Every structure is written in C-alpha cells, then in structure tokens.
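You will see two complexes here that share chain A, one where it goes with chain B and one where it goes with chain C.
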Partner chain A sequence: MVTLRSPALYVDIGTMSLNSDEVRRIAQLARLAVDDREAEGFAAGLSDIFDFVEALDAAEIGGVEPMAHPLDAEQRLRPDAVTEPDQRELFQAIAPAIDGGLYLVPRVIE
Partner chain B sequence: MKLDTLASWARRLRVRDISSRELTEFYLGRIDRLDSQLNSFISVTPDLALAAADAADERLARGEEAPLLGLPVAQKDIFCTQGVRTSCGSKMLDNFIAPYTATVVERMNTAGAVMLGKTNMDEFAMGSSNETSHYGPVRNPWDPERVPGGSSGGSAAAVAARLVPAATGTDTGGSIRQPAAFCGITGVKPTYGRVSRYGMIAFASSLDQAGPMAASAEDCALMLNAMAGFDPRDSTSVERPAEDFTAGLRADLKGLRIGLPREFFGEGLDPGVRAAIEAALAVLRERGAELIEISLPNSGLSVPAYYVVAPAECSSNLARYDGVRFGHRCDEPRDLTDLYTRSRAEGFGAEVKRRIMIGTYVLSAGYYDAYYLKAQKVRRLIADDFRRAFGQVDVIAGPTSPETPFRLGEKSADPVQMYLSDIYTIAVNLAGLPGLSMPAGTVGNLPVGMQLIGNYFDEARLLGVAHQFQQETDWHARMPAPFV
Partner chain C sequence: MQWETVIGLEIHTQLNTVSKIFSGAATAYGAEPNRQACAVDLGLPGVLPVLNAAVVEKAVMLGLAIDARIAPRSVFARKNYFYPDLPKGYQISQYELPIVEQGYLDIDLEDGSRKRIGVTRAHLEEDAGKSLHEGFTAMTGIDLNRAGTPLVEIVSEPDMRSAKEAVAYMKKLHALVRYLGISDGNMQEGSFRCDANVSVRPRGRTEFGTRAEIKNLNSFRFVERAINFEVERQIDLIESGGTVVQETRLYDPDRDETRSMRSKEEANDYRYFPDPDLLPVVIHAEDIEAARRRLPELPDAKRERFISAYGLSAYDAGSLTASRELADYFEAVAAGCNAPKLAANWVMGDFSAALNRSEAGLAQSPVSAEALAQLLSRIQDETISGKIAKEVFDAMWSGEGEADAIIEARGLKQITDTAAIDAIIDEVIAANPSQLEQYRSGKDKLFGFFVGQVMKKTRGQANPAQVNERLRARLQGD
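Presenting the complex of A and B:
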C-alpha cells in the first residue's frame, strides 16, 4: 500500500555508544534503580543492541504506512454499559499495603 | 501403564478404558519422579488436578462430550489462574496469586481439561533459552547440558519428556516454535487474534499469541479447538465462527505448493539442520507437494525491527509493576520514586530490565521517528513480502531455528547472539501469520524442527501438512531415552 508522499527524513543515528550516564538517564525514565556497576554492564549490552538495530536504516520505507496491527483491524467498540462488578476487596487482597480500601504509598505531599 | 498421545487418551477416556483420575495420577507420578532432572514446572497443583479429574470422570460417566474432557494438561505460568500463583517466571510476581482466570485457561477448563500445574518460562517471556527464569533454567530432555529453547521452555521440555501430554505456550517472536523445535515436539503459533490474550500476562501486545504444544499435529489440533475463539474481553480478538482444526488433518498433499524462502536457507544455517530439513522436504514432495523457491527480501530486517517494536511495547506493558497494587514491593521505601525504582530493580531480572530500557529509549522524545516509526514501517514491508509470497504458494517451509539446541550459558553474555536464535520465526509474528514447528529429523541426538508458515487463519492447513508428514515419519513419536 504505497501512497504518494515524500520520503520522511530520519535522524542519522550513527554508531551507537551509550555511556553509563545515558543508561542512568534511561533507567530513571523507566523507574529502574541501577548502581554504577550495573549501569556499565547495561551500557555495553544496550550499545550492541542499538548497533544491531541500525540495520533498519537500510530499509526503503519512503511512502510506507506504519503497521500497528497485523490485520489492520480497527478498535472494536461496545455499548457504554457497566459490565464489571466491584471487586475491590478481591483485588486488594494481594496488595502489598492497604488501609480502609486505599493503597498505601510513602507520603507524597508534606 | 504405557505412554500414549492426547488424541488416543481422549478416545480411551470416552470408552472408559481408563479414568481421568488414573491418567492424572499417572502423569503426576511422572512429574514427581522425573521433573527434578528438568525443572520444567514452577508449580505443580495435584489437589486441584485430582479434583478436576474426579469432576471429569463424573461428566464422562454421564456420557458428556467435551473436547478435552479428562485430559491432563499444563499451563505456561504466563496465564492467570485464579487462586494459583501466576509468576510469569519473575521474582516480581513470585507472590502473585491471580485474582482471575485467563480466557484460554477458562476455555480449556470448560472443555474438561485437567491442569497438572504451571510450567517454567523465561522471565515475562523474554528469552530464547529459558535461562532468564527466576526459578532457574529448564534443561533439555535430549541433553541436560543444553537449553530447551524459550520462552515456553518448560512446556516444551515437559511435553518432550511426556510429563504431560500437552501444554500451552505463548509466542511473541518464536517462543512456541523455537522450544518445540529444540525439544522435538509440535507447536502452533496461531494467527494474531485467534486466541484470546485476556489474562495472559502481556509482553508485546501487538505480537503476543497463545498456542498449543504437544507431541503431534493431531494433539495440537485438539488443543487449539479448545483454546481458540472470539473473546469480547480482548480488544484484538478476531470475530470468526468456530473452526474444527482436526477437520483438515486428512488433507491430500497432492498439488500443495510449498514455498522455500531462499533467505531461510542461506548463511548462518547449520549444515546438519539444513540436511535434515531437505530430507523432510523430500518426504513432502514424495507425497505430491510441489516445492517452489521464493524470496522474502525484507526478512533480514525482521530481528532488528522486532527489537524496537517488542521492547517498546514491553516498556509500556511492564510499567504496571510499581510495587503498589500487587507483586514485589521493596522494604521501607523512602519516597514514592524510591518505591517504584527499587521495587522494579529488585523484582525484574537483567534481560527484562534491558528490554524495558531499550523500549524506554526508542519511545523517548526525539527518538520515536528514528526507531519506533521506522520499525513499524519495516514491519509492513515484512508483511507485504508474505502477502506476495502467498499469491504464489499455499504454505511456506524452512527450518524453525538455524541450529540445534545450544549449551546452557553459551549465549547468555551476548544478547544479540541470543536474539538471532529467532531469526526464522520473528517475521511471522511481525506479520501476524500462523506458524507451526514440527519434529523433522535430528543432528546427532538433538531434534531439528521444521517451520511451516500459513496465510492468515490457515492453521488447519498447517496442521494437515504436519499430520500427513507425521503419518510418513516417526520423528514426533521419538522420546529422549531417560524418560521412556
């Protein structure tokens, strides 16, 4: 399904080499605690993977529509009716910390 | 008692040659005696199994018919089972007792299946060797020094050693087909949308699909009949009338056009695997199939595209593990950020963290077009290659994996080498097509799997080709010696 559109411009990402500071930034975005030793290990592994992924630069994708769903299916809609019963107690039975039907986390606002 | 196939057990249960309780006790006994060599189960549930077996015996006594009535099965530990730990192979969910049941499990239970337990797997289904499991690696029953493949390695090893006649698996990039090949069993990844993903712990939602793993194509067809079907609770479930996957088993191979992608027989393919696949193809040709060389020119881009798309979806799906509502929570969090970051750091293993970080990076501001959008476009090129090929041929065939099972630890230090283990299977997930792996020969003592790829919703044809092959050969009936 080729449409008449000019090829998009892509950032030339060059050979990837992530350092441990960048890994720490990504880990922070991903809400993962990493120590210095781990950050170095991940830097090497992730750099290899991004190098490998650079093969995609060779693809001729001008005018190609991105594919989000294998069957290009559209979102199915259902009537706007309540279908789920309240199961709060069942679901909170496996929570790490609850009180009076609330999930407990460390204080957010002082 | 002698081992038998799922289909044969089904017939024998119906004529009351054996009871479900006897059958269930027989397989529970094998797990108890033999699984210490494999580590293929994370949880064994004998009490639930025996209760289900007794209920099945009552239904059988009343003359009820149901597709899996009284048959022992195992569920990959990625499927939620109410009241039973559902760990997904992760420390994160080691304490997670699922509060609801996955559609696949529910459908199989309704069909009368008796669950013996939950099988081991790579953590969150991320791996090709079953070495990333929090519960330790699974060993290949054909050689305990080698991996069973992954991520459905526990299901594959358990079925290969006949600790259970059939099991479920899930396949995001090859996780049913590659372990099926490595363990010498038959496994099917259905068309995307065929089998409900409700209650199946999500890894990459546009690729994940559940399917059956069993000794033969006939057994897989029986399982798929129970597993497949529309589910309104999965927004990507496909609305199609129910299909009997056993109906096509007796199909004639005469005139069947089998495409052989030259890219699947090129550099990197182990010569022993190649020889086994060529011999298997000769069997299909003798039965009247026509072999046609085809090309899937973009298939070389499938692994790179996958390692953008799958981690991107994984980073989003795994954001739910926050230490607040369920799963692992760190001790004495200082503040909310500390709660999130430390709970996740303690709960996830290295490979899961790696993929979450790849995904986070490729979706982060400024990189989306360079990675994710580009990969989604390449994904369409790959799907279009298949579309063109299926204009010429009915089925595509080739090796499932470029090599026989590798040694434990052999690829652990090199993620990219590990990822390339799925080089022939990943394109099928990106396109959303059905694929099957069946035992097609050996190299030394190690099994070789042949992959069959079908057009959308053509599972019955794949099962028919595999069944016909299994009428001519006995690779699927062979068993690793220590488990006979």
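Presenting the complex of A and C:
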C-alpha cells in the first residue's frame, strides 16, 4: 500500500506493485469511475511507473535534506489587507444552480 | 475495576486577520453568502495562493507564548478529501513540518496544584465553507465566505486525565489567544472549537486504550459533558465484554450523548503531500524577535504581579486575570481609587454579577472603570458606606449617571455628624423602653436590634462605626 511516512517528505513505495483492489480504492478516493477491466490495466501501468521511480532507491541520499519544493526559494508573504472586491454576480453567472447567493449542489447527507 | 481516562484535545482557533490566509478576500463575520469568496477561495482554475504575513506572525506569537519551538522552515501540504464546501478538493494545511512544535501550558487544578499539559504542535490551515441543508429540496446550499479563513490547529499531548482538566486546558488556551490578540475566541461564531480524543484504560496500565474522537465541541460545557458521557460509554462497553472501536463521534447537546458518525474508513486516507503552489515558509531569527516584542504580559505573569503588587490572594489574582479585559478593567479601577483590594472585591463581586445578569460583554458595560473608581473613592473617603455604595452602583448600572451625582440627587451622603447620630439614637432608645430594659439587664444580643433601628431611621446612611460607638455609650447610660 502507498503510505506516507513521517517525518520525511516522500512517498514510500517500497518494492511493491499495485493490485487492482488498490487501484479501485485509490480511484474511489479520487472519485474516478474505473471499471474492473480498466483497474487491471491501471494496476499494471501504475506498477510500471513505480518500478521506474524505484530506480531512485539506488541513489545515495544519506546526507541529503528532504526537499518540499524544487525551487530553492522561500515563500513570499503578502500584507494582511483586503484586496479582493465582491464579484459574486460574476462568479455565480457560470454556476449551474444558485439560490439567495448560495451555490446549490445535490443534497449532501451528513 | 478502576479506570483511568486519557484525553487529548485538538483546538481550532480562527486567527483574527482582516483578509484570508491565501487570498485578499475579507474575513468579516456575518456577510451575505459568498460576498467574501474570491476566485482563490472558490478554487477556480489558474489561481495561486499567497500567504498572509499576519497569519505567520500570529502563529509565531502563539508558539512563543507556549514556550514552543518555532520551525525555521515549515511546509504547507494538501489534505485531500471531497466535500462541496471544499471546492478545490483539498484543504491547504500543514502536516509533517508544522510551524510550531513542542510547547506546553500549565493548568490550575481544583486542589490548587498545577499540571503541565504538553502541546505537540500547532499548524496553520485554511477553514472550509459552510453547507446549509435546510430550506432546499434535494439540494444543499454552499456559502464559501468562511473558505480560506485562517486557522491554527493546536494539538495537545494526551496528558489530561479528566473532563475537568480538559476544560481547564481549553479555558487557559482560550484566555491565552485572547491575551495575545490573535483570535477573538468567539465560540458561538465558531472561532474557537474543539475536537476531543478520549480513551480509557485500567488504572496502572501504561499503554493507551482505543480512542474515539468527538468532533466540533463549541462550548466549555459541551466539552465537559461530551467527555463524561463518552468515558461512561466506553467503560460500560468494555465491562459488558465489548471493545471500543476507533471512530469519529458527534456530540448531541440536546440528548447529551455522543453518537457514531458515518464510518470514515474509506474516506480517512487524506493522501497528504506538499502543496506545489506554496514554497517553504522560512522564519528568520529576527522575525521571531519581532514577534517576541509584540507579546503582551501573559496571564501567568500578570497573575504573579497582581499577587505581589496589589497583595491579592492567588485565587483573586487568578479570577481577575482570567481575561485580559477584566484584568485591564481591574487595574484601571484600582489605579483610580487607590484601593486595590476594594477594587478587586467590587470587580469580582457586584460588577461581575451585574455583567453576568446583563449577559453583556465587558466592552458594553454601562459602568466604566473610571466611574467605578469614583464610587469606590467615596467609600474610601467615607462619603458613603459599602452598603449604600451597592445602591449607588445599581443606579449607575441603570444609567442614572456618575456616583457623585447619584449620591447628591438621592441624598445618600453618609451621616458622620456625631450630634445628628446621637439625636437619632436617643429617639430610638426612647421609642423602645422595654428593649432598653432587657438590654440593660444583660440581654447583649439586643445591641444588634438597636443598630438596626438606627440604620433604618437613617436609611442606612449613618456611618456604621460611629453608630456602634455612640450607641454603646448611650445604651450604657453615659
């Protein structure tokens, strides 16, 4: 299974390949419709990608600091000020359904 | 079997910035739906988040106040899940490298002792929008004004052993964020809310039991009741042969019970990964020093100062420093009347009682600190007695004006003229010959009766010490 291990910033894929059950679970989490035949294909394809990435395991990274971003730069900050005007009418012009200023979506049961 | 309760709290505090954490949209509470939701908050394609400097500064202040480590480099991560009030499909949060780590808060227990509660971490994240389920047919309304509001989530160690300790910790943290001025702490509006992780284990065992997480507790009372219910439930379950399952539960205040939320087994994998839209947040030593200079006097330090500078008891000092506003109010009154103990008694007594009755906040108090100080000065200089002062205070509270004006208008000035007091005493003695005889034949208790009669005749305005002294002399026939 794909796991994220603390505290290093990488996905530990180990030496595993994905089976179709795992593909279906990941698809469910991502709300992607994947049928059984496709799941088989993705399992093979994604496993190939993992194998490819696994080549990185051969690299010596003992003295390398984990990297969260490829750019060697730090986050710029903006001052705390309101700069965005109200554009509700503009944004809601493309919404499929609105009512009283609210965006409407199919009912979500808590 | 003897059971031990283990509690850890996750508290979400809304930071009181004017704009959102990653966008320039306003954060003001109570706006019309979606008037404060800009393209970034809506998750429209092509937008990029830009971090608000004030959010970082406030988080650093919190970290310093709990003696924590401020991460020189912290990273924002995406927490992925699907819900309509989260339009991007992920919440920007911090996961592996939070901005604040390893602090603590000391709480005061009922027996007078202190206990240190560890704070594992505090991380920055954006709030989600709101879903409104009522009033629509087969639809849910989404208001994204709250989406992108800055939150700091403060995660404690599982160090608390009772609901009371959990409430003490929560109150202490609530007071702290308000002292720091980083959050309004308004619990009704959701600016300060709590999730509680609760488990039980046989007393003496070191490993933890399986925990349940109780979500979205937005009052101190609910936290206490929800934890107590949950502890009972878990103990009953185990003692009747069952096992506690790790799950999320919701507290229902109407029924005073917790119930299991829809199983999140499938949804619980948030697939965190560093957000490629945001660079690492670097905090330099000078940023930390700048935040340190902005720290106000913190509750514990203020309490110690109240004890040493004003000679207050630890209990009184603790009550008066429970909130920064109350402490400031007390100090203004004490300075104005130059009588700290009298000021403490009045601020904690009549003033707080009136405030509670009116259900108003301190800021809306009809009696200012200066006005109360004037009233207390009149007790100090013996213009009025403490008892009359209560009457004057009530009049001040109902908006009748300042203490001096009310004393004048109602003729409440204390009678300190010995001749006048003597004359009233003589009247009282003459009107009660049988009580006088009984008193003189040894029934000392009747002294109180005479005092009462004199005070009644003077409508409480005679100086009590003088009445006692003159009455004793008169009754003895001097």
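Note that the second predicted complex is superposed on the first by the 89 of 110 C-alpha atoms of A that agree within 3 Å, B and C clash if a C-alpha of one lies under 4 Å from a C-alpha of the other, contacts with A are read in each partner's own complex, and residues count from 1 in each chain.
The working rule: contacts are C-beta pairs under 8 Å (C-beta built on N, C-alpha and C of every residue); 3 or more make two chains touch, one makes a residue touch a chain.
Model, not experiment: these values are computed from the prediction.
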Touching partner for A:101 - first (chain B), second (chain C), both, neither: second
Chain B versus chain C as contact partner of A:86, first or second or both or neither: second
Residue contacts on chain A - larger count, chain B or chain C: B
Touching partner for A:49 - first (chain B), second (chain C), both, neither: first
Partner chain in contact with A:71 - chain B first, chain C second, else both or neither: both
Chain B versus chain C as contact partner of A:33, first or second or both or neither: first
Touching both chain C and chain B, counted on chain A across the two superposed complexes: 8, 11, 28-29, 31, 68-69, 71, 73, 75-76, 78, 87, 91, 97, 103, 105-108
For the chain C and chain A complex, residues of the former touching the latter: 17-19, 23-26, 32-40, 42, 44, 50-56, 75, 80, 82-84, 96-97, 131-133, 136, 138-144, 262, 266-267, 269, 271-274, 276, 278-282
Residue ranges of chain B touching chain A (in the complex, touch as defined): 95-97, 99, 192-193, 206, 232, 235-236, 238-239, 298, 300-301, 303-305, 307-308, 315, 319, 322-327, 329, 333-342, 344-345, 348, 350, 353-354, 356-361, 364, 366-367, 369-371, 373-381, 383-384, 414-416, 419, 430-433, 456
For the chain A and chain C complex, residues of the former touching the latter: 4, 6-9, 11, 25, 28-29, 31, 68-69, 71, 73-84, 86-88, 91-92, 97, 99-108, 110
In the complex with chain B, residue positions of chain A that touch it: 1, 8, 10-11, 13, 23, 26-34, 41-42, 45-46, 48-50, 52-61, 64-71, 73, 75-76, 78, 87, 90-91, 93-97, 103, 105-108
